[in-house]
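Below are two complexes that have subunit A in common, paired first with subunit B and then with subunit C.
The block that comes next holds the complex of A and B.
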């Protein structure tokens, strides 16, 4: 008995040491990238600078960080609580529109300013500071997470996925058609809302070319989401999520309150999606309804699955990699191949073929993802020892 | 922890050494050589790929024809793609990233693009604030009026935060096209019309302009609202919609939108319920041009299409020996097929404007922008313009001043 307790303690220590290593690694990488983009990149000779611009431009890094924030949110719902969500894009959309509503001249009839950047002081509309909108967007999303989560409480696996898929379709469609709701223009339809206010830190306003500072802010938001994820995972709520993920019936028999635990997963996940949505709106300087389509939900899910469901670091690596391939990696690789071999192949059009292929290979050979969560890995490898199909059951 | 500190200090010292090393070389490279880059920024994935790929090919061919020269400068072309596979079309994040890349590319002085007005609304403000002077973008295809004219609240000034213009276009806008279409409808004896739109920015814009002008012309507009009724592109049948319209007995149906938005089904169901295009006329804007699928449909026989400019066929017909016709022939000889749709030729026209501005400038972004938006501006004479007539860009708005583009001669049946 004591041996067991000691073993468990040792394992826990090992896990927390691993988290510490990853945290330090993450912070070092962030600092290196920040120093590079702030002080080095602009001073590089043209050749190397072009290489970096082609392969790893700062805007791609910033965009990838937004994907990471959203993927971390989805990881709580799918990775921790095991609730398959095929409509996560809805939260990204609501977060984005929160920025559109509260950080722009869109509501011309209103004139409300709160700590807004100086350059919009005389403009009509609702202008709250980015930092307030972050929280506000997150909270609106959390509320919607609960609203969306409530009807799905009695559903499991495929049926749950279908309902979330439905919500993921309804909400963006609502924004697309939300130009005239009883005479009220809520979303400006497909025209979208642009531009949104710049981020301000005290008197300093971050313009479109201050990407290294935006990067620092996005890293900070990611760090907060990682912190929330890790702390919750360790606590009572996180353990309850895992219990539900592994066996809902057993969990409820052991006294885990299914309703509040599941709703908490939706709310926390949606909060993260909302924060990501607000960050993204400031990144592209606007919010456009046709961005929020089904494929975004699928790519987010692919990031979580490829990276390693349930492991924040795995999800982060997965999100960075997939976002980079989607926006820059594949086109840059295509250019390289086309110029080297004098061919004319449209590489980005093979994006989904590549994703599909990688997903199939991963599912065949490394179902637990690139950087797996130890618990999930153990469960999946139990399946190797016996002939039962544990991985496919959940 | 010791290890960590060591790692950080190593990284910091590498960074410092690298900064010191490169600081010396950057001054030498800053002096601009005489090779300048112009770029295209178009969606190269999704349904508009064929047209935009053709635009890039046409521009590459044109630059080759003029031996890559603009005044004393040599011009190089760089191609940007503002679409991602994930979106299956233009991607707002990619547009933002491209805008940054245009600014970061030191030799790049001007941009030809974009295809979608939404993407231009992201890129233009960023180029407007470029350090060292605004960078110009000229579009071959953006027809949304708000980019250059007073349209929705705050437009167009909100796209130009520095208060100077840096965006122009060589095609006309939806309001001009829509109203020309209404005038044409009146001229062919139409008395009543029902207006549909595809619920998108472009479709609504052109339908709104059509509706406004139709009312002014004394036509009876049977649909309600400023831009008629929206059709949902995800619907599998429009028979119910047309049955409702049939009861109102319109002479003509005006369809503001893009063929991609389930236009095929719409045309089929219109034929089925309202009859062929001699019974109830069918008119659509340039969102229906350049689609072989549409042209080959028997239900599309007799449909009237407008284009925000001259279609390639009209260009060849109007001026068979002009610069435009010669260019189309050269394109066919090089690539063994015709340019797809009419936007490729407009892409070349936009590049002609940029090259004229570069030739007139001091080789900087600011110089190119000033050449277009100040003084006498840019005029491409009829003899060399690929559009077969003089092309004038307004120094105030950036719109094309070629007024006759919008009259009924541009309407092709």
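The block that comes next holds the complex of A and C.
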């Protein structure tokens, strides 16, 4: 008995030690990248500088951080609570449009300023400071998460996936057609809302090309999301999520309130989707309806699955990797291959094959992802022991 | 009755009353909308319904594939829509590129029938192959795994479509007789009649296979309980493969019909149509064959009416209407129109 307790204690210490290691690694990497892009990149000779511009430009890094924020949110829904969400793009879009509404000149008829940067002080429209809009966008998304979740969370998992998918289709179409909702221009249609206000930190205003400072802000947001994820995971709510993920019936018998726990997962996930959406709007300096499509939901899901469902660090690594391959990694690699071997292969067009193939192979051979969570790994391979008596060759 | 159950009962009754009154209000609203449109322009009303129904027939063919597969292994086969897309591309190449037929005529009709057979075999083979190599190994895994695999397969099929068909949409000439005839200012194209004429026997054949043959019996048994079916001497693997073949063949026929009636192929065709078809399958009660056909015709009709009526939301809201129906249906009647309430096995 005492042995068991000691063992468990040791295991707990090991776990928190590994989290500590990862946290330190994350911070060091962030500081190194920040110093590199702020001070070193501009002073490099032309050769290495073009290499970095081709392989890892600052805008790619920043965009990848936005993906990480959203993927961490999806991880709470899919990885922690085990609810499949195929329409996460809806939250990203709503977050983006909250930035469009509350920090631009879009609503000409209104004139409201709150701690907004000085350069827009004379302009009409609603101008709130970036930091307020972050919370506001997140809250609006959380509200939508609850609205969509409340009537549907009692459904079976497949149906839930389908409802979220439908939601992810409706919201972008709503924004695409939102030019004229009963005579009111809500989203400026396909033209989108651009530009949005700059981020201001005290008196300092970050321009659209202030990549390294934006990087620092995005890293900070990611760190907050990681902190929230890890804290929630350890607490009562997180344990309830895991219980639901592993066995819904058993969890409800043990007194876990299914609906409110699931709704909480939805709301927290949606919140971070909204935060990511606001961050993305400031990153591309606008919101455009045609960017929000189904592939975003799928790519986010791929990030979570490939990285390791339920493991914050795995999801982060997965998100960074996939985002990089998607934006500059694959084209740069293609250019390298084409110039070295004198071929003419269009590498980005193999994107579909790459993602599809990786998803299938991972599911067949390494279901738990690159950096798995130990509990989930055990569950995902539970079935393997009993498959021996299932017909067919294995 | 104890106080606990009576409180619960009251809440249930209130909920039921709320749902019933809501659906009555919605029903009257829809009737009112249809009535106004009918009075305003009867010919447009019938024309829109006709277009809707001819779409619905296509949806039915695809929806059956979803519902068959879901009925037997409880998997949303995301790749099914893309299988339909590949079939459309295959048919276009078969008729126009390989047999050089781009106008109507007896020889071309022969090629069309040959293509119908070939494309059905083609799609069935691919579907069986997908099941064999991707889904079979994951049959006992947690549900998320096969679902994500299906998404992966869908990507791979889209890649094949992208290579085969190019990145943009392509237009093709139809070999079916063009033109239409009129009944009191409602024009009925020959192609619509033809797609009804081809779909109806296919649906009858399929319903005959599922309800009357030995193989169909095996399918139904496997759907109910795989282990029990195996104990009764049914080859479960072969039965599941057969189900995939059946669904694939119907998707192949749908691909050919779509390509010939619309004259258009594109690599991302399968995604939207697949989603709509799946919605129809859910609407009718997933796993229920008649339900899938009914749901598909209804969804087609709703879409046609919404797009074509003088007072309506118009085409740009088409998807929103379809998916709103899906969400409302899931929230209030998750078993679908014809589905029976099933208590989940524990």
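Note that in this section the second predicted complex is superposed on the first by the 381 of 394 C-alpha atoms of A that agree within 3 Å, B and C clash if a C-alpha of one lies under 4 Å from a C-alpha of the other, contacts with A are read in each partner's own complex, and residues count from 1 in each chain.
To be clear about the criterion, a contact is a pair of C-beta atoms (placed from the backbone, for glycine too) under 8 Å apart; a residue touches a chain by one contact, two chains touch by 3 or more.
Keep in mind it's a predicted model, so treat the numbers as computed, not measured.
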Touched partner set for A:110, first subunit B, second subunit C, both or neither: neither
Subunit B versus subunit C as contact partner of A:249, first or second or both or neither: second
Which superposed partner A:177 touches (first subunit B, second subunit C, both, neither): both
A:349 touches, of subunit B and subunit C: first, second, both or neither? both
Contacts of A:378 with subunit B and subunit C, given as first, second, both or neither: neither
Which superposed partner A:337 touches (first subunit B, second subunit C, both, neither): neither
Touched partner set for A:357, first subunit B, second subunit C, both or neither: second
Set of subunit A residues, in rising order, touched by both subunit B and subunit C: 176-177, 349-350, 352
Subunit C to subunit A touching residues, read off their complex: 70, 74, 76, 134, 136-149, 151-159, 162-163, 167, 230, 235-237, 271, 275, 278-279, 282, 316-317, 319-320, 323-324, 326-327, 330-332, 334, 344, 346
Residues of subunit B that touch subunit A when the two form their complex: 4, 7-8, 11-12, 15, 18-19, 22-23, 25-26, 29, 44-45, 49, 81, 83-89, 91-97, 99-101, 103-106, 118, 121-122, 125-126, 129, 131, 152-154, 158-159, 161, 199-201, 204, 230
Interface residues, subunit A side, partner subunit B - complex: 24, 28, 31-32, 35-36, 39-40, 43-46, 49-50, 53, 57-60, 63, 105, 108, 176-177, 188-192, 194-195, 207-209, 211, 280, 283-286, 288, 290-291, 293, 295-296, 299, 326-328, 330-331, 346, 348-352
Sites on subunit A touched by subunit C in the complex: 78, 82, 84, 148, 151-152, 155-159, 161-163, 165-167, 169-170, 173-174, 176-177, 249, 294, 298, 301, 305, 349-350, 352-353, 355-360, 363-364, 367, 379-380, 383-384, 386-387, 390-392, 394
